[in-house]
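Mind having a look at this structure? Questions to follow.
Chain naming follows the written order as A, B, C and D, and within any one chain the residues start at number 1.
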Amino acid sequence: MTPALQEFLLILLKVVIITQLLLGLFSFMTLAERRLLAFMQFRLGPNRTGPFGILQPIADGIKLFFKEELMPASASAWAFFAAPIVAVTAAFMAIATVPYGPPFRIPGTSISVTPQIADLDVGLLFIFAITSLGVYSVVLAGWSANSKFSLLGGLRSSAQMFSYELSLGMSFVGVIMLAGSFRISDIVASQAGWFWNWNISPSKQLLAGVVYFISAAAEVNRTPFDLPEGETELVAGYHTEYSSMKFALMQMAEYINMITVAVLTTNLFLGGWNPGLPFLPVGGLWGLGYFAAKTFFVLFVFIWMRGTLPRFRYDQLMNFGWKVLIPLAALNVLGTATLVAVFKW
Amino acid sequence: MAALEQLLRLVLSEAFLFYVFSGLAVASALGVVLQSNPVHSAFSLIVTFCSLSAIYGLLGAPFIAVLQIIVYAGAIMVLFLFVLMLLNVKREAPRAGRALAAAALLLGLLFAVQVGTTLSGPGLTPAAGYDASTQAFARQLFSPRFVYVFEATSILILAALVGAVVVAKKEP
Amino acid sequence: MTIPLEHALLLSTALFAIGVVGVFLRRNVITVFMCIELMLNAVNLAFVGFSRATGNLDGQILVFFVMTVAAAEAAVGLAIVIALRRQKDTLDLDAFSSLRW
Amino acid sequence: MSFENLVQNPVLVLPWIVLLLPLLGFVVLCLFGDGIKRDKEENGAGILATALVLVSFALSVVVFRGLQAVQPLDGLRFVQPYLGFEWIDVASFRISMSLLVDPLSALMTLVVTGVGGLIHVYSLGYMAHDEERVRYFSYLNLFTFFMLLLVLGGNLALMFVGWEGVGLCSYLLIGFWFKKKSASDAGNKAFIVNRIGDVGLILAMALAFQTFGTLDSFELVENAKNLAYEPIAQAGVVTAICLLLFLGACGKSAQVPLHVWLPDAMEGPTPVSALIHAATMVTAGVYLVARLAPLFRLSEGAMLAVAWVGGITALVAASIALVQTDIKRVLAYSTVSQLGYMFLACGIGAFGIGVFHVFTHAFFKALLFLGSGSVIHALSGQQDMRVMGGLRTRIPVTFWTFVVGTAAIAGIPWLAGYFSKDEILLNALVRERLPLFWLGLFTALLTAFYMSRLLFMTFFGSFRGDQEAEAHLHESPWSMLAPLVILAAACFYVGQLPVNAFLAPALRSPDELELASPWWFHQVVIGVAVAGILGAFLIYVVYSGLSSRIYSALRPLNRVLESKYGFDLVYDGFASGVVVEGSRRVLWQRVDIAAIDAAVDGVGRLVDGVARATRVLQTGLVRAYALVILGGTVALLGYLLWSPR
């Protein structure tokens, strides 16, 4: 086996593993979310299918799989089909450039593996670009169904994603300036050592972290920003007309996006696979462990938020995005630029 | 095994991907022009832009590639779609404009031939040692040669912003 | 196996010509506008190609500026489209001929 | 230009700050002037403007001291603070945004900001009752900025910006009370007369660039120095440049025959007369000549012209001053006369002395103007000396400072004017320019006489105004008196500074003569001054009836003097006769109507006809236009590609 072929196979393997892991995580998240929310509301949640309800996602999957595919008669067929595909594709492409841990050696071989599919020079920008493509699934879904609820939901949702993309992108800038690179592994490396070197610490990018987390929550339509799905007004927003597997794909894309956000938060602000305490062992599987712990924590916070916060009104949402988050993000960019340029932070 | 590797080499070579994406770009560009529903045209154009982005990547301009997606696909085209949805644009009514169309086609072809013959005349070979990393790009962009232009651009964008708001605002 | 510059330029020419023809074939303002964007992109491609061929970054920087200008132009252009629509309730380019008086 | 740089070498940055602070004041007052007026905070405006100029002064002191620490090059200490970019950069025509700080400009900066600051303070009191204080102070700040730009500008183009700027501010301030017809007329007059000089300056700049390939004042001077060592083919060109420059200087510095605007400029507020039309702006011409001294040295003819124009101006203006009755006009003619002295000094090669006189003159003339302002203030706006008198005891501080000023200008020993005027006359004598020497000496006599006349008519005798005016008499507020006292004190001091030696390297003075004066020289000069004062004392105080008898005895001469040698009449005749009539008869009726209008109409008719013929091409369809563009492009490309070479 030549090295080129070996490398190719390795990448293929990584793609397969990571995809499978994400799909598993997605189904697990649907369950975890329902159960945790239930606990927060003093209920039990789904606990009948298998021990602790662990088989519930599979049951859901089977149900969705066998449901009838419906399409509105006046819908634009190809766009109606394309929307979920675009959504899932964008979600998976975004997560393809994120690293999950430090490089490690497969035991018993000389093969070194980086737990990341592609380490791009412009990684962070790439993720930003792909996220911005995610809007199209919303637009397509909203427009193609030829239904007023879908269209209005799509308009609202795309406007929301548009608006929060700005503060999202600007919150990256401070981090990039501090690390001097778009490459995510460089950004993680810049947060090595004690946990106060993490970007979330007040001496570095706390403001950007907060702005990022809020904008990202809005970007993936999580509570309290889930108004495209405001049932009372818009039925189910842009995916009102979707059913069966297409609906499942839409849901999948949403969850994958949420996982991407959690992974990115970990990488950009929570020190990635750095433990934060220099005396702890690092490298290889340890790094993967720290990384997973932090990511799960972030995911938990998302669910927690959903259990705690009420939904924004549309005008509040826009005001908050344009008049609070964007100025804050701009302020952060200016401040960080000043510190970096003048005081060589 | 060797055959597989050969195939992989071919499929993953820059040139092959370039032709694939070129084909995609041209096909979707034709789609922009030939489809009568503007929304479909817009989506075709998005495909063109994404293919171009890939081509930029293959030509060794990763930053421009990403920028292409962010700016064109992610911002400009969303704006187009947004307006299309907002105005609820119907498909174009067919109408006879054959003389104009014929003249346009003829001139367009002539133009393509002209530019094509000019461009494919002298062959330029890709230069070696070409550093198009984001750092190099940034260093060049913020050098005194371009930095004033860059700053002027910000004023242009501000003006466009204000202009857009003024023009699109409903008359009071 | 590298990409010959001429092929990139030929692609650029093709896209530009398609854009040009599109401007004449379509009557919807927004589609015409999209064709113009296509032409801009074709030129960008030529710039990137030349940048690679000459081995300096000036071409890419020009692309950067073209993109900024394109963004500004799209914003203003679409605002004008909205204003036009408000005036005439149509987007047919041939309906806007009041320059001829 | 980074922070470290500023700490290491403040001289490279501070001049820009000195320059821009007054501009900041102007901008702030412009932008927020209405708000300031609405909130009734006009005093705040004045205080802001004053504070900025005073800070500017403090910084220029720092610059002045910093300059002493600069490593000299060729014996000259100088720096060229550069803002980091070119103003104009077209082919070989480069104008960089840089200043030139050398002893000459540093000294002038001190004068402009120092005397300017005092006059700002004075204005706080003088303008306290004016409605338009905000506008006034914004103009004053703008003037300070332009004057500093004129002084500090590193090349003729930047200096020209300042030059025009001070002209503009002068116009604005002369016409400050524009509701008064005479004030706005005076503003126009100043502006128009200055234009004549400016044409000279522009031509000089163009010629200088063509000859020397640069407008940078430092390089110009260096090039001129090099020219001196080789036989030049362009001696005539250099003379032309110098004469044109001098034409500009004449306009700005009110030299015969372009002096007519300055007396009229007294329509402006008195502090303005002090600042612009006595201490700073009008000396810009002298400054320009001194700045390019090496160039002037190359041209005998130009030097001769400068000297004689200066001398004649000094005499003419002094003689007119003898018969003026308006207190400010006397001072205005006196200023013209003193400016004549400065040019006389430059013209005989003593540039350093000329600038020295600029320096001392700034102090005592500002003092005199401010004093006259205080008098006018006391009399609630009265400027006619014939209804003054006896103010000595009523406004004592003004009186005593005025006495100091008069003594200084008359040339009484140990006061500012004595030193500089003395030096000018001495130079004329030693350099064997005897006609000029006698001219200067006679003018000195006249100067002492008319200034004393002013003093005695105003402050001695008994009050000749009406009851009401007498009841209103009051000493001015402290903000007006403080500058007077400071300037009076300065008159005792500034004359003794070694300005000439200090400036020598900047002026490239080649052979600074150690001037040995003949034994009789000082006695004669002092004697002349004393004689003038005594004469005035006798005529206007002791035998107060004598003046009218002399007046009627010398009636023809007086006519000439009172009509100011008829300059205004001649100019008026020229303007209304040649220009207006010529324009009406020839330019309007022949050229404009018959030729130009016909041509314009013809073009219009042509366009109309062509348009009628081609209007069918306009379809109003955007795509049709685009098609035409495309067709043009294809045709052009086709021509380029396939045309036979």
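Basically, contacts are C-beta pairs under 8 Å (C-beta built on N, C-alpha and C of every residue); 3 or more make two chains touch, one makes a residue touch a chain.
Being a predicted model, the structure only gives us computed values, none of them experimental.
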- Looking at CA centres, what chain is most distant from chain D? A
- Query: If you average the Cα atoms of chain A and of chain C to get two centres, how far apart are those centres in Å?
  - Reply: 33
- How many angstrom lie between the CA centroids of chain B and chain C, rounded to a whole number? 8
- Starting from the mean Cα coordinates of chain B and chain D, work out the distance between those two points in Å. 61
- Task: Could you put a whole-Å number on the gap between the CA centroids of chain A and chain D?
- Result: 71
- What are the residues of chain B that contact at least two other chains? 63, 67, 75, 86, 100, 103-104, 107-108, 111, 115
- Item | Contacts with 2+ other chains: residues of chain C | 20, 23-24, 27, 94
- Note on the structure: Residue ranges of chain D touching at least 2 other chains are 623, 627, 630
- Task: Go through the chains and record each pair that touches.
- Result: A-B, B-C, B-D, C-D
- What residues of chain C sit close enough to touch chain D in their complex? 20, 23-24, 27, 32, 93-94, 96-100
- Query: Which of the residues in chain D end up touching chain C in this complex?
  - Reply: 618-623, 626-627, 630
- Task: State the interface residues of chain B toward chain C in the complex, per the touch definition above.
- Result: 13-16, 18-19, 22, 25-26, 29-30, 32-33, 38, 41-42, 45, 48-49, 52, 55-56, 58-61, 63-64, 67-68, 71-72, 75-76, 79-80, 83-84, 86-87, 89, 92-93, 95, 97, 100-101, 103-105, 107-109, 111-112, 115-116, 119-120, 123-130, 132, 136-137, 140-141, 146, 149, 153, 156-157, 159-161, 163-168, 170
- Note on the structure: In their shared complex, chain B is touched by residues of chain A numbered 1-2, 4-5, 8, 76, 79, 82, 120-122, 125-126, 128-130, 132-133, 135-136, 139-140, 142-143, 151, 154-155, 158-159, 162, 165, 182
- Write out the stretch or stretches of chain C touching chain B in their complex. 1-28, 30-31, 33-35, 37-38, 41, 44-46, 48-55, 57-58, 60-61, 63-65, 67-76, 78-83, 85-86, 91-92, 94
